[in-house]
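Scrolling down, you'll hit the structures one after another.
What follows is a pair of complexes built around chain A, which joins chain B in one and chain C in the other.
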Partner chain A sequence: MFSQTLAVTMINLRSIPQRWALSLATVFSIALVVAVLLGFLAMANGFRATLSSTGSDDVAIMLRGGSQAELNSGLSLDQQRLIEEAPGIARDAEGEAIVSGELYVIVDGIKRSSQTEANLPLRGVGAAAPSLRDNFSIVEGRMFEVGSNELLVGQSVQREFEGFDLGQSIRLGTNEWVVVGTFSTGGSVFESEIWADLGTIQNLYQRGTSIQSIRAQLSSPEAIEELRTYAENEPRLNLDINNEVEYFAEQAGGTSDLIMFLGWPLAIAMAVGALAGAWNTMYSSVDTRMKEIATLRAIGFSGSSAAIGTMVESLLLAALGGLVGALAVYLVFDGISASTLGSGFTQVVFSFAVTSDAVFGGIILALIVGFLGGFVPALRAARVPLLAVHRSS
Partner chain B sequence: MTALYTLTDLSKRYTRGKESITIFEQLDMTIDQGDFISIMGPSGSGKTTLLNLLGGIDRPSSGAVDCEGTRVDKLSEGKLAKWRSQHVGFIFQFYNLMPTLSAAQNVELPLLLTNLSGKERKRRVETALDIVGILDRKGHRPAQLSGGQQQRVGIARAIVADPKVLLCDEPTGDLDRNTADEVLETLQLLNRELNKTIVMVTHDPAAAGYASRQLNLDKGRFVETGAA
Partner chain C sequence: MNDLTLIRKNLFRKKLRAILLTFSIMIAFLIFGALGAFYNVWTAGVDLAAANRLITVNRINFTQDMPIAYYSRVQSVQGVENVSHANWFGGYYQDPRNFVQTFAVEPETWLSVYPEMVMPDDQRAAFITDRTCLLVGADLAAQFEWSLGDRIPLNSNIWQQNDGSSDWDFNICAIFDGAEETAPSNYAVFHYEYYNESLAFNRDRIGWMVVTTTGSDINDAVIREVDALFANSSAETETTTEAAFNKAFLEQVGNIAMILLSVIGAAFATILMIVGTTMIMAINERTKEIAVMKTLGFPSPRIFRMVLAESVLLSFVGGLVGLGLATLIVNGAAGALAGFLPGLSMPMDVVGIALGLMLALGLITGVGPALAAQRLSIIDAFNKH
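== the complex of A and B ==
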């Protein structure tokens, strides 16, 4: 059975050049389906990877209860003071609580790629902010000075947006700023931010002493429970407390899910179109080889070998399409930088990530298209009437 | 002589729309081992249909096709395919070779249904090609061969598994006279030297002349017209 199936399969595959145009169209259409799917997957994966690489489980982020995102939150200096006295908060060598009250406002930036405006987060931070970010380093220039109109710019912002080169002056809203440094946090979402002195931001944006979030270094990941208990029992505190890992996972979920909700239906709709193409190609394959199949069956080959041969041809064309699509997406998109609107209504810069899991998923989708496209033609091949041996061509 | 085929009360009818067309009715025939039979007759007389029934690629409407005690018309599809591979070699008017395979690969096809080793298959393929005088063309594809050479490859494919019977459907219908004579001489050789039973359908009286027994099928009845 194996040798006859192999023989039929080889005959099928060797005859592909006789139907090269249809076969190529099938490969191309399946490649397109896989490319679209992988494009969306790469975007969602890249976005998720950027946010999931952000944050530590021993850093707590606190927002006003029910606010869900920093932009909606509002906290007071008094509340920050209460947190500084809370149990579970780590202290530095001088015994000061490692806590950073931060203010988060939105400014406009011009994207280098499209020359369009997009929202950028301008974060007012205190002295403790760098120590609360893993892998923080100033890669160029220096830290801003307290009370000045100086900016420290994330690497991704500098790469994707105009006007943030070192030493450059830039107008954000009604205020003039000078870029004095660039920072990195190892590719995390913080690199999509612009930092300035908290007091300066509060003054320029008339926020008094209010802040929007409090970050605090925990003495251990487990200490977050002590902090939660403390906050629940303190009537002046109405806070949502999460560690950063939980917070960013929640923030990533919405946007990456949205990308996937767009990606899968589009890929499936296109897959249906590709399915019609595969079906047509395989029908043509069986039709043009009707006499050959009948001859093989007259010699004694089984109908199932003809069916399997047809199915293998369909699956191979589909797999080839899948590989071409995956390779194209990998070569074109993998690692390229892009930005999209994050949950804080600001741009999050991330890199497309074509992962092996995504490629595997794309190839599986291609094989499903190949299987469904080849199934009925394979049945037809198995049932080719033996009397077709007498056809003249 | 031993009877190879016994056809009894054989009928074949087709339905076209509401019309029932009778090809032949209650046909009886015996084919002996070692016969070389030619069947002639006008178009539509049922020559090729009869060949199909003998080869098990069609089934009678009624009656029996017996081949050495096996009721061919009663076999299941799977058993019939196996029976064809072991007992029958087909030779077609238009050769029916696989265009993407070489002559040797075409001839090897029936052997892929056996348990023979690759080495043994190769030996048998070369023997078959040698018998039909085309061993030197074993690596050529059909498109690189003349019509006569292609038909020789078709004959080699038909004999390579050593079947008892060769069923030939207009084997020289697409060949010029000289080439046709060469092919017919090869068939004669196979009949005479290897004792192959041959049933050949033809329109060509000259081709029929190569057979040892000539039958004419007309209006559903056989008329014996000659014997060599």
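== the complex of A and C ==
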């Protein structure tokens, strides 16, 4: 039985060159389906990866109650002082609470890819800000000086936007700035930001001593409950308190889900179209070998071996298509840098990520196309009447 | 039996194959139609932009504000027809997830710079006189089931009143619709004064100005003059045409056009290959038959035309079904997406391009087999088997 099937399968596969044009069309159409799917998934996964690598669960981010986003929020220096005295907050070697009051304004940068203006966050930060970001390191140059018009630029900003090279002076609105350094936070969202001295930003943008958000290092992830209880019982504080992981996970959801919701239906619609192609190819594979299959049946080969041979041919073409598509997407798209408008209303730079899960999903989709495309033709192969031997072609 | 009958019989001689091909062509045009309609709505802001309408924003970025005094200074610029101003309210209804796109505007001038907002005259008058009036777009009203005369509160996720509250009470005294189907009506506007007078912070600031010029030919001059007014001040401005402003905003999201083109390109490459190879095969199978027709005296050009007509017919059958399905889907989704993509419908230019593509697809896939059939030598064909 097994040797029969193997023999028929080999006959099937060796006859592929006779139908090379149709077979090639099937392989490429399935490759395109998988490529479209993986392109969308690479976009969604890349965006999600950037946001989910951002934030740690022992950092609390506090915004004004009901403000939903940092941009809408407004807090005062007095409120920051109250947080510095709050329970559950970690302290450094000198006994100072690790708390960072921050403020960002949106400025225009020129996107390299489209040469158009796009929103960039110019964040005013104090001395504690770097210690509240995991994997923070200065890649080039140095930190800005307090009270100066110096900028520390995230690596992603430098990659996607013009004019942020080290030592360059750049005009943002009415003000001249000098880029004195670039920083990395290991691929997280903060790399899509420009940092400057908090006091300078408050001064230039007439913000007084107000801030938008307070970040605080918690003594442990659980300590956030202590902080929340403290804030609820303090009438001068009306805050929404979240840990950073939750905060960014919430922001990632919308955009990457949207990309997924677009990608899957498109890929499935295309897969159905390619299915017709695969079916057609396998149908003609059976059709042109009608006499041959009947002969095999006449000399004792079983119908199921003919069916399996056809099915294997179909699955093989589909798998080949899937691999070609996945490889093409991997070579062309993996690691490509792109940016879109994030929920902070500023650009989030991310890299396309072709993940093994996505490739696996793509190959499965290809095999489903191959299976469904081969199914009916395979049944037909199993039922070739013996009399077909005599049919003239 | 005329040629058309022959073409039809040939096309459907292998029913399953014809159905499969029609089906994959249908899918490609379904994708084309649906994405085309989506793209049309996506870029509607650019297409609908009035040629003589300008947007003046803070030069730092459009999210930065400017003093209210700018408004009266722009009014006096030569060539300016009307000016209005707006603030982003950050509104929501009852729950922060019920986002309501709301602007605090100068009411009378707002209606003159946006003449595409249409409503009955009495409602227009009511909006201008009633300072607590909320002028609601028809799509937005439908979304929240609001009707004329309703009193509703809207919260702001940015602004607060002096008393610490963040909700403003409104009277829905007017409902507007877009003059054209694609003009958005998924937002609401209300009196700037009502917003400004009770603000706890940031009073007497405006978000942006909308300027109409007396003619689009003087746009450049007005742009230069407006921006020159505020040069070297603490809030310099940047004025652009409405179309350029909208286009730049869409660019911020990403190169959607390229993504859609790639998908459509992939879908068409797929069917081009499937249909193309199958047509070649289908004609190959009929080699003998074509030789017989030639023997019977069918002239070669007629055979050429018949084979070509067959592939064009196939392309149109699949294409029209696909486009029809796309129209059904788009119309079905229009209601559900009204808040997010107002005015979703199947635009005529997408239909036009689709028809062109059907013809092109039919010709491209048919021309090779048709030429082969035309050139077929009778002797060779009969010797083949």
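The rule is short, and it goes like this: the second predicted complex is superposed on the first by the 392 of 393 C-alpha atoms of A that agree within 3 Å, B and C clash if a C-alpha of one lies under 4 Å from a C-alpha of the other, contacts with A are read in each partner's own complex, and residues count from 1 in each chain.
As a working rule, a residue touches a chain if its C-beta (ideal position, glycine included) is under 8 Å from a C-beta of that chain, and two chains touch if they have at least 3 such contacts.
In this text the structure is predicted, and so the values were computed from the model without any measurement.
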For this session: Consider chain A as the common anchor and indicate whether chain B and chain C clash or fit when overlaid.
Result: fit
Exercise. With the two structures laid over each other on chain A, which partner does A:Thr310 touch: chain B (first), chain C (second), both, or neither?
Worked result: neither
Exercise. When the two structures are overlaid on chain A, which partner does A:Ser351 contact: first (chain B), second (chain C), both, or neither?
Worked result: neither
Problem set entry | Which superposed partner A:Ser192 touches (first chain B, second chain C, both, neither) | neither
Exercise. Looking at chain A, which partner touches more of its residues: chain C or chain B?
Worked result: C
Exercise. Which partner does A:Thr295 reach: the first (chain B), the second (chain C), both, or neither?
Worked result: first
Seminar exercise, completed: Expressed to the nearest 10°, the angle that the Cα centres of chain B and chain C make at the Cα centre of chain A is 90
Problem set entry | Touching partner for A:Asn242 - first (chain B), second (chain C), both, neither | neither
Exercise. Upon superposition of the two complexes, what minimum C-alpha distance (Å) separates chain B from chain C?
Worked result: 12
Problem set entry | On chain A, the residue positions that both chain B and chain C contact, one per complex | 393
Seminar exercise, completed: Within the complex, chain A is touched by chain B residues 48, 52, 55, 57-58, 77-78, 81-82, 84-86, 90, 92-94, 96, 98-101, 109-110, 112-113, 157, 169
For this session: Mind listing the chain C positions that touch chain A in their complex?
Result: 16-17, 20-21, 23-24, 26-28, 30-31, 58-61, 63-64, 90, 96, 155, 157-158, 166, 201, 232-236, 247-248, 251-255, 262-263, 266-267, 269-271, 273-274, 276-278, 280-281, 385
For this session: Name, in rising order, each residue of chain A that touches chain B in their complex.
Result: 3-4, 7, 11, 14-15, 291-292, 295-303, 386-387, 389-390, 392-393
Problem set entry | chain A - residues contacting chain C, complex | 21-22, 24-26, 28-29, 32-33, 35-36, 39, 66-69, 71-72, 74, 105-108, 111, 113-114, 116-119, 172-174, 205-206, 266, 269-270, 272-277, 279-280, 283-284, 338-341, 345, 347, 393
